[in-house]
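Below you'll find the structure I mean.
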Amino acid sequence: MKKLKVVTLGGGSSYTPELIEGFIRRYDELPVTDYWLVDIDAGAEKLKIVGELAKRMVKKSGLPMTVHLTTHRNEALFDADFVTTQLRVGQQEARIHDEAIPLKYGVLGQETTGAGGFMKAQRTIPVLLDLCRDMERLCPEAWLINFTNPAGIVTEAIGKYSPIKTLGICSGANNMMMDIAGVYGVERRDVYARVMGLNHLIFADQIAVQGQDVTAEFIEKLAKSAGGSSLKNIPDIGLPPDFIRALGLFPLSYLKYFYLSREMVEHSLQDSKAHGTRGEQTREIERQLFEIYKNPQLESKPKELESRGGAYYSETACSIISSIYNDKKEIHVVNTPNRGATRDLDDESVVETNAMIDRQGAHPLAYGRLPVKIRGLIQSVKAFEELTIEAAVTGDYSTALMALSVHPLIPSVDIAGKILDEYLAVNRPFLPQYKFGKAGEIA
Amino acid sequence: MKKLKVVTLGGGSSYTPELIEGFIRRYDELPVTDYWLVDIDAGAEKLKIVGELAKRMVKKSGLPMTVHLTTHRNEALFDADFVTTQLRVGQQEARIHDEAIPLKYGVLGQETTGAGGFMKAQRTIPVLLDLCRDMERLCPEAWLINFTNPAGIVTEAIGKYSPIKTLGICSGANNMMMDIAGVYGVERRDVYARVMGLNHLIFADQIAVQGQDVTAEFIEKLAKSAGGSSLKNIPDIGLPPDFIRALGLFPLSYLKYFYLSREMVEHSLQDSKAHGTRGEQTREIERQLFEIYKNPQLESKPKELESRGGAYYSETACSIISSIYNDKKEIHVVNTPNRGATRDLDDESVVETNAMIDRQGAHPLAYGRLPVKIRGLIQSVKAFEELTIEAAVTGDYSTALMALSVHPLIPSVDIAGKILDEYLAVNRPFLPQYKFGKAGEIA
Amino acid sequence: MKKLKVVTLGGGSSYTPELIEGFIRRYDELPVTDYWLVDIDAGAEKLKIVGELAKRMVKKSGLPMTVHLTTHRNEALFDADFVTTQLRVGQQEARIHDEAIPLKYGVLGQETTGAGGFMKAQRTIPVLLDLCRDMERLCPEAWLINFTNPAGIVTEAIGKYSPIKTLGICSGANNMMMDIAGVYGVERRDVYARVMGLNHLIFADQIAVQGQDVTAEFIEKLAKSAGGSSLKNIPDIGLPPDFIRALGLFPLSYLKYFYLSREMVEHSLQDSKAHGTRGEQTREIERQLFEIYKNPQLESKPKELESRGGAYYSETACSIISSIYNDKKEIHVVNTPNRGATRDLDDESVVETNAMIDRQGAHPLAYGRLPVKIRGLIQSVKAFEELTIEAAVTGDYSTALMALSVHPLIPSVDIAGKILDEYLAVNRPFLPQYKFGKAGEIA
Amino acid sequence: MKKLKVVTLGGGSSYTPELIEGFIRRYDELPVTDYWLVDIDAGAEKLKIVGELAKRMVKKSGLPMTVHLTTHRNEALFDADFVTTQLRVGQQEARIHDEAIPLKYGVLGQETTGAGGFMKAQRTIPVLLDLCRDMERLCPEAWLINFTNPAGIVTEAIGKYSPIKTLGICSGANNMMMDIAGVYGVERRDVYARVMGLNHLIFADQIAVQGQDVTAEFIEKLAKSAGGSSLKNIPDIGLPPDFIRALGLFPLSYLKYFYLSREMVEHSLQDSKAHGTRGEQTREIERQLFEIYKNPQLESKPKELESRGGAYYSETACSIISSIYNDKKEIHVVNTPNRGATRDLDDESVVETNAMIDRQGAHPLAYGRLPVKIRGLIQSVKAFEELTIEAAVTGDYSTALMALSVHPLIPSVDIAGKILDEYLAVNRPFLPQYKFGKAGEIA
């Protein structure tokens, strides 16, 4: 039988059972023979815990799939077919800083965009480009399927600096379509939405249920529900009804960080005072998950994992990998270079949009102009992303400062400078690209 | 059972048995209950002959499909779901003029482009826009599937001047993929080619067989075969091997009109002397076909129809109609507005390229920049097409003259003027949009 | 002698002596024979005061220029050559609301952009389009020189909805070049800066003094001075030195509203508590100015006018009008449709940039891509401007809400809605385009 | 006194007296102290003849300008301020081949475009890029003013492959404006035309005389004169009146090569039979000119030079050099990268259009979309130019073949291949970039 080798970097993540379950469920069409979980030395213990659970899950399935655990990345990469990443450089500790430092200045900290997204990108991009260098030698034809946040930024960096074939994946669009399916009481496969934007900043402008366009009707349901009727099954996107009607698009719920930025900062401050930052909360959830994983009787994904977020993450991931592997030419929402999908962004800018997926990769559908209602926001966040990538690659202080300064959620270049200085100080071990002076000062 | 009403304008065409056969073969997925063949009074006799054959074919199939024949277009259009067009305004006589007049001046006459394409567009666009006006009233939600040449130009005109949903269809790309399938000894469905260009002016730049990229290898096969080895199954595109290698793309065979324009004119002149123009030859083939159609024993598409060209035309047409009807989200090559698929053409310019087809229509895949090797040719023919449409709508003499003058196959604006004047004189009955003076002179 | 008729709408403005002085000083090259000051009935008293001063100034000059005062606009427009506008629909009272309402919600109110710019545009655009309708009849060949804020938005609206030839003028870029001249101890004419952006949102990226490029050196001077050295003659743009270096461009000082938005709101709140809003301060300054203007001995522009701002406003205005009148082909910074100057904005979007000015109008210099450092900000403010114009023309509530919601200085769509509702309530008399319900509610 | 050093490569050209005369006439504003004429060894004799004439002309002028003659290029380049080129690699002999070889196949040979332009570019670009390498070392701040044909292609090559500041110059646009001045009986300086296109392929779409737009009126004069009235002073552009009216633009007379390509080939064939190719005719004219130059009594530009063409060439050249030197910010028509002047061409594509010229260089005026009437032709010739440059730099046979194949004046890729093979054979000494095999065959 032909070998099918899949490698997951950051294999010690609490998400791994999600992926394993997905590969087991899809085995008929995606017959993974060798599944390698890789982590760094500091993650060896977690890797062992989650890896043993993975082995028990596979054993129970009775499938001819072998799970390998290693901290030697190159051993895993050799001749791989698919490499997935779910890294967290600096662990939850780094995330806690990412969130807490901006909050001190009344600025949102969030791992997908803004100050937090910037800092996570600075730590992550050098690691992933280093991975690409290894893949270029060891498995140049393999696909790099990137789940690591900020997924859009990271995918753009790889596309700009490596020939490795790559895609960025996020469950956001899939969740939106599941929400729509819920509203109409149909299956997920009966829903199709045209989506455009950047990772965690997407909008659906054409929504079809069983081939019928329901866009206007669905938007009105959203607005009515937000207006207080709070209709059953209608997702709460947290925006005022008049605004929902004016927008006329279905935004990902993360858009509230932009459309209600003042309120969200206030909420984050209160939440963080009451329960710690989101990173601190996640650290505790993870601790509990690993306790559960340790149970040698456990042979399946525990339902507690769902509370961690990303419930349908394996669904998104495995279906896209299968579409590549089987040359299916299905339409999925992925992060991929724009290449003309909209002329309001550069060709090499990564967008999150519908693309036809086959063995040659992702072929985005032409979208045309961005509606003016969302154009400026997308373009200004893309400028932030472009500068963030340049800073992550060059380690240039001025570029980093500009990246933070142009982000629409950072209301002062003076504060941007203060956040940046604190960030660099605490992240120094993870920033080989930045030139620090003797005393830890950026030269 | 839900009604599915399909209407074919130009139903008296010799091609109709192709379409009927296609609808019968695809009945399971595309259950046409009412199929209307419409023609003008002058075509009533042909309509009767081919319509009776159509009825015999349906009867033999045993399917619950009713074939209707009419010369009252509006009766047919009312509440239609799909309207297809295979018109020939002015019949074969007009085509004979289209070809013969330019040939007198040593200029190619051909119904898809150049002088002939221009003239056919002038006669056809007013008729189709008039059809659209009727559809807007009688079946505003119906799809207009246009096979009428010049298919790209006609589709662009409809898109610019009517809200009716439309697609232009040509069997060219499908034939290219069948050629590739033949070379590799695989099924048509195992072949995928990315195609870009204008109708009858397309190039494949990515060719995959069973998901494997074979582009470079296939191009080399083409070149070797053209170089004299004349390999079995390798299509003959009539171009020199060095040029095929330099191009590095698989062009539709019609490209020889552009790449070997001098030789093709010479060939047309000789062929026309020996056998009459292509229109005269076609007229004779058609006469013979209709003799065959008259046979009351005939209950299926006669194989002589294949020699008429367009053998796989129903395959292309029915599979695309089914993809719309069944919201299949398949990828097909169609003529549809560019909408950013390539930024080297305007958004509203119709291109022939791969598009995802669902109930909402055609969504072209983003293509990116046109390769410089083909960019100029495509752009200059598109300029011709844009001026041709403007002339057909306004009937403006200067615009018509410019259209002919900018076409790369017309080597003199002086000759362009002479061809135009002769064209207008013989086509006067079909050109309501042009203002002729007392003596038939353009004012 | 050939007549040269210039008309100023809003002639009763306190700025009028600036303009008069300019026309007197430039008489040799711009021989205005008839200068018409026009105002509405409510401004008749001010018009009389400032008009009499204007007459005294002209009399003193001894030039053959006649000053006409009228409240009948059409009388003035007939056969005019240049029409300038310095309107303030709703007077200083409206401005006070424009500023005070957003400040209540901790949002900047400012007459050039943000909430205040939006509201001023809603009142002003209908009046100016109405003026254009009159000009189309009475002086279709005249130039409309627009000084009315928000100048860029208003100019774009005119360009989109009227064939009248127009330019938007602001003294900002000229002031920047005077600052540069001051730093280098040279004349203003020795300085040239390439400028790009939107009105009150411009950046110089190429600065030359006597033909020598001094850009990098000048930026470093700015940064050093901001860093505390506070060098003599160096303009204070209020930004941190690290940021100035990172930006590498010379921004108009208004950019601090964007780059230090949090601090500027705080400052506005305090200033407004201590001294009233800027509108209230201006109202008092104007009151004092008109007292001075009343003095029948006064025959020249009083120096107190300079404290009102816009000191070099007539310099900018008259030199541009002269460049048109005399077909000079000089380069000036004006507000004019982009037409490809940068492909990061639409062709019809008005930009403020260097343009060659001749009798045919403004011909912007090609600029190329916007630097990524400023691209997102400019694009997002342009989206606001586009929606603001659409709202001003249609009076559509949703479009108005979107305009405010997408502005980078408005941190919440919920607050945007509250500001909008208060704005509409107090501005009702000036908003014929909005449909208010029975109780003054927007329908 | 400050030195001003100007260097002319190809100084032994018969055009040199033109330039000398220009520098003498403009000495007040452009005080050239050192003028170096450089040529290769093979041109030493001509250099001496024309150089001695130059010295006599300067001596007569009494100006403190020193003329230096050398065959050591680097000696001349050191610390130069302006370097002008009027090279002819391979002399008139190469030109004769450039013209004669395509004519054998019934294809136009012409040194500015088509096959001839291609071949001249292949010889010239390597020499000019080599010059740039030397300038980068010896005079990195100098301006390279390129008159060498094909001027647009050569300028684009330099812009793409060297940081040296450059401009391409042609007298075509200036001649068009002189023609207009002649028609209206005004001075050249009273005429302004907006021009766009590629070198030798330009169109004026806005024509003003003393600031008044006369475009439509002037076009009608052209058409009437072409229609047989043959009006006095009206330039003969050789096109039919209907076509001139349809075009609505004033084309450079070279456009007849494109618009009447069949007739022009016929004419070239007859002319070449009767009088030899244009290269042969020029060789004879040059021979006669050098006889005249030898006359030691001759102290000024002989009027016979005007019959050689390029009469106002020094006017164009010196006024542009002066505009740079004196930071004049005048508008001139030059060849310079598009940088957004029109979005129908790439930013780095060289266009010939109006630009503001100052010490920093050429700043093209934004033009907007190319009119559809000329868009396709310009875009297809630009594709030829882009491929021609790539071939000249890489020496790649396939790219060279594509360049010739895509040119609208070459009617067959088969003929393109034959011309290319003959060209490469006779030009081998001048093509270091091409890899020839043992027997002179391209590998």
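Note that the chains are named A, B, C and D in the order they appear, and that numbering of residues resets to 1 at the start of each chain.
Criterion: contacts are C-beta pairs under 8 Å (C-beta built on N, C-alpha and C of every residue); 3 or more make two chains touch, one makes a residue touch a chain.
Since the structure is predicted, the reported quantities are computational estimates derived from the model, not experimental observations.
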Chain of greatest Cα-centre distance to subunit D: A
Whole-Å gap between the CA centroids of subunit A and subunit D: 55
Subunit B-subunit D separation of Cα centroids, rounded to whole Å: 44
Shared interface positions of subunit D, touching two or more other chains: none
Chain-to-chain touches, reported pairwise for every pair that qualifies: A-B, A-C, B-D, C-D
Subunit B to subunit D touching residues, read off their complex: 106, 239-240, 242-243, 245-248, 259-263, 372-373, 375-377, 379-384, 386-387, 397-399, 401-402, 405-406, 408, 411-417
In the complex, subunit B residues that touch subunit A: 192, 194, 206, 208, 210-213, 327, 329-331, 338-343, 347, 354, 356, 358-360, 363-369
